[in-house]
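Two complexes come next, and they have one chain in common, subunit A, joined by subunit B in the first and subunit C in the second.
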Partner chain A sequence: MIKVKNLYHSYKKDDIYQVKDVNFEVEEGEIFGFLGPSGAGKTTVQNILTGLLEIHKGQAEVAGYDMKNISKDMFNKIGMSFEQSNVYSKLTALENLKFYAKLFDVETRDPKDLLKLVGLEDKANMRAGEFSKGMKHRLTFVRSMINNPIMWFLDEPTTGLDPSIAADIKNIIREKNKQGVTIFLTSHNMFIADELCHRVAFIVDGEIKLIDSPRNLKLQYGDKMIEVDYIKDGENINDSFSTILNEDKKKLKEIIDNYEIQTMHSKEASLEEIFIKVTGRGLV
Partner chain B sequence: MFKKIWTIFLRDLKVNIKDFLSLYILLIPFLFAIGINLFTPSINDTTVNLAFIKEENNQLVTYMEQFAKVEEFDNLETLKERVERRDSMIGIVPEEGQYYIMIEGNESDMDIEYSKMLLGLYETGLNIEDSKTEIIEFGRTIPPIKKTLVNTSVLFISILAGMLISLNIVEEKVDNTISAINLTPTSHNSFLLGKSIIGIIFAIFGGLALVYITGFGAVDIGKILIIISVSTIISILVGFIQGLINDDIMTAAASIKLLFLPLIAAVLAVEILSEKWQRFLYWNPFYWAYKGNDLVLNKSGSWGQVLIYAGIVLFLSGIVYVFLAPKIRKGLE
Partner chain C sequence: MKVFSGFLKELKLASRGFYFYIEIFMAVLILILFLFIVPDEFSAKGEEYVFLDMPKEAKDVYLKGLTGEDLLNQRKNVKIKIDGKDKNVDLYETEDSSLYFLESKEDIIYMADNKRKISLIIKMDEDHNLAYQYYLQGYESQKLKNLIRVLNLESAHLLQENMDSLEVRSISIDSKRLSDKENMLPSVLVFNGSLMGLFLIAAYIFLDRQEGVIKAYALTPSPVWQYLMSKIGVIVFISILSSMLVLLPVMGLKPDYLLLLVLLISTAFFSSALGLLIASFYDSLIQAFGTIYVFMIIMILPNMAYFLPSWSPTWIKIFPTYSMLQGFKSVILANGDAAYVLSVSAGFLLMGLIMFFLANLRYKKILFR
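What follows is the complex of A and B.
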């Protein structure tokens, strides 16, 4: 669905590239996570793939369309949910969706159904300017579904949402993916990527450092740990031990044999920890 | 394509009706027209109005009707009330077998002298047939100040059309919605045309409303439409540019106001300067638009003349378009 080859981009159109030699492919029906800290080049790549930015060097193909020579018809097939909400504040939620729907050449979804999907049905006739940040974000999110896209770009889809709404959004993403929609998810939130993505790419300073599935990454880079709470000399102690290092294994056995264990959990390395390990950079 | 252009126009119209500043701009042609009617003399003010007491001297009234517009009142009190109104009305009031002239004080000296003369002519028994004087009417049926104001206002409305577009573009920028539009199959040209329609319709309907309300309804509508349409192009272009480079409504509106300078310069040049100095304003599209409008409002311009003026305005606007169009397209990316 997406093919990117030797992609470069410079905002100043000089030799200092913000995106350098990016290569990857996204299969049809896949949820592909594009992960990295702020300023890593995630949004730049996404904007190139949605036609908002031009390609300076390299090649990109989205849904069968060459991004160097974009056909307007491509926009009937893609949808994009922006990180920053961008809806008309002087129009109501319903008017926003109805207006946007009329700009497509394909059959569009019923705006009322979409509002219901994200719990905004009661606010349909309220001006978007009076919405909270989270409500605007939900409106921006469902607007991106209005043309039934087969390729769906999501930029930080759950940022700023309370946990229950974020869970609803994640369920919608899963549901759309089950229906065959390919999803390109940009985020610095490793938890959502871990939950949703089939594969992830780590991008830092405009370069992709690694692409793999979260499971493979954990197997390859994550040390399995055991977290133990035990009582020693009347004192409650919490400690972690590697299941790979012999020294840690011995220590753990000694604790089990000699002390009263309160709780004991196995703990996998998180995607965030792996990102730091691989790239040497945090996600902020 | 047309469906999308229309959709964009309807959205702008909906928002403009909800927004106080835009709504105020939409009402300006009507406010201007009412203001012009109130504060400029009407066609009736070009003759002398005389007030008499009813049945007091029918012969005198019949005599005066040959030379002036006459109104009759039931008594001295109502006559006095009429004279005291704002416009020019002179009372001819009987007193002890003679007549005196009653005025409010704002009547012109010419009207007062004319009334005195008419009264003298009646008393000496002279009739219009005795007169050897020939009165030539130069075809001037509208006061020149009114025509100047209407002409200037029509061009002013075209600038407001640019301001309206600018406000709508700033709204798109503030809400960050242009990027969302760019992710639909709507082309830049459709977007630009859709955004322009509100300005074009406002300039045309506002201009026509002003022309009709101020009493110029008998002019050739086709000719005035041509001049209004071409003179709006430059305002629309500037409206787009100012909308794209400014981040708030007030700054954009203030920037658009700069267009009033060439407009005022054009009006002053045509009305005050001699022909040889006017050549310094040939670069100014408003100069040619004003001259074209003047011909149309005078009902003295042929289609050929109007098309020449419209062509010059179109040419000058085309030059501005060549410079501004790439900037507008870049601003929409």
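What follows is the complex of A and C.
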């Protein structure tokens, strides 16, 4: 569904590239996570793939369309949910969706159904300017579904949402994926990527450092850990130990033999820990 | 269909926004001024204060001669304040001046010194010859001083007689004239109707950019020109609405409204396309304001030539507003000069299309791709 080869981009059109030699492919029906800290080049790549930015060097193909020669028909097939909500604040939620629906040349979804999907059916006639940040985000999210896209770009889809709404959004994403929609998810939130993505790419300083499935990454880079809470000299102490390193194993045995154990859990390395391990960079 | 849907959306947005009501408020304010404050004709009557330093009999003869000279002369007894005291004086109104006849030389000097009025003492000597003593303010031009010198000479009366005996024939027998009030309307139509679009459209574009909705629009199959055209449609609509608000109550059915509509649409299209192009070079209204302001000031210049027809250099005719003013004047006069109005409209439509084409290229580049 997406093919990217030797992609470069420079905002100043000089030799200092913000995106350097990026290569990857996204299969049809896949949820592909594009992960990295702020300023890593995630949004630049996404903007190139949606046609908002032009390609300076390299090749990109989305849903069979060459991004160097974009056909307007491509926009009937893609959807994009922006990180920053961008709806008309002076129009109601329903008016926003109705207007947007008319811009497409394909059959579109019923705006009321979409509002219901994200719990905004009671706010249909309220102006978007009066919405909270989370409500605006939900409106922006469902707007991206209005043309039934087969290729769906999601930029930080759960940012700023409370946990229950974020869970609903994740369910919608899973559901659409089950229906065959390919999803390109951009985020710095490793938890959502871990939960949803079939494969993830780590991007830092405009370069892709690694692409694999979260499971493979954990197998490859994540040590099994034991997290222990114990009491030493009347003080509660929390510590983690590798089940692979001998030194850690010895320390753990010593604690079990000598101190009162409060809790003990086995723990997998998180995607975030793996990211830091692979790239040497945090996600902020 | 998409353009129309975009137009309706833009109209809805505009009607819920601030700028739309400013434009309507301005039109209502102008209407109130035109209906209740602006007179049909502006008079530039000067005030003169005269003391007749002569015996009462001679005074009566002089005043009688004055009233008999001009049928418009009317005598009124009015009170004016001189040196803190109310004094009854005679006022004679002529077509172009108000003459106050005071009772003493001191009063005349007081009015000249303290009220900065042109004052005059007319003396009669023993041989019954009149002498005129003017008190001027010092800033009067030499031309005026010369005029005052010859005004009371016998030869000036002869000159007047000669002028009166000249036969004047009008070449156009059905030529119409606008009253002073009506003559101001083209200027109102140009600035509140057409040119305001230059600022308004930039404001609407920057609002959209601020909300980020342009990016969302960019990811639809709808082309950029439709987005821009729907914005222009709203500006043209507002322009027609605000112009009609002023014109209908003031002029009634006198103007040629069909021609007016053609001219309004083409000029509003031109100015909003120009506004779009200017706005494309800036990121915010504040940044663009300076350039828009300069453009509006330049566009105001032809007003001087409009209100002072004797000053109409060729270079001022190059400014688009010069033709706009003349076009609107022709429409309001309803003098049947449709060919002129249509050619002016065609010119603005053509220039507007060129601006629109350039704006479309700019926006495609900066906002979407």
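One rule holds in what follows: the second predicted complex is superposed on the first by the 273 of 284 C-alpha atoms of A that agree within 3 Å, B and C clash if a C-alpha of one lies under 4 Å from a C-alpha of the other, contacts with A are read in each partner's own complex, and residues count from 1 in each chain.
We adopt the following convention: contacts are C-beta pairs under 8 Å (C-beta built on N, C-alpha and C of every residue); 3 or more make two chains touch, one makes a residue touch a chain.
Since the structure is predicted, the reported quantities are computational estimates derived from the model, not experimental observations.
Placing subunit B and subunit C on a common subunit A by superposition gives a clash between them. Residue contacts after overlaying the shared chain place A:67 against neither subunit B nor subunit C. Of the two partner chains placed around the shared chain by superposition, neither subunit B nor subunit C is touched by A:115. In the superposition on chain A, A:139 makes contact with neither subunit B nor subunit C. By the document's definition of touching, neither partner reaches A:183: not subunit B, not subunit C. Of the two partner chains, neither subunit B nor subunit C is touched by A:31.
After superposition on chain A, the stretch of subunit C that runs into subunit B among 113-121, 131-139 or 185-193 is 185-193. Under the contact criterion defined above, the residues of subunit A that touch both subunit B in one complex and subunit C in the other are 50-52, 72-73, 75-76, 78-80, 82, 84, 86-91, 95, 99-100, 102-105, 143, 147. On subunit A, the positions that touch subunit C within their shared complex are 50-54, 70, 72-73, 75-76, 78-80, 82, 84-91, 95, 99-100, 102-105, 127, 140, 143, 147.
On subunit A, the positions that touch subunit B within their shared complex are 50-52, 72-73, 75-76, 78-80, 82, 84, 86-91, 95, 99-100, 102-105, 143, 147. Those residues of subunit B that touch subunit A in the complex are listed here as 3-4, 7, 11, 14-15, 18-19, 171, 174-177, 179-187, 333. For subunit C in complex with subunit A, the touching residues are 1-2, 5-6, 9, 12-13, 16-17, 211-213, 215-223, 368-369.
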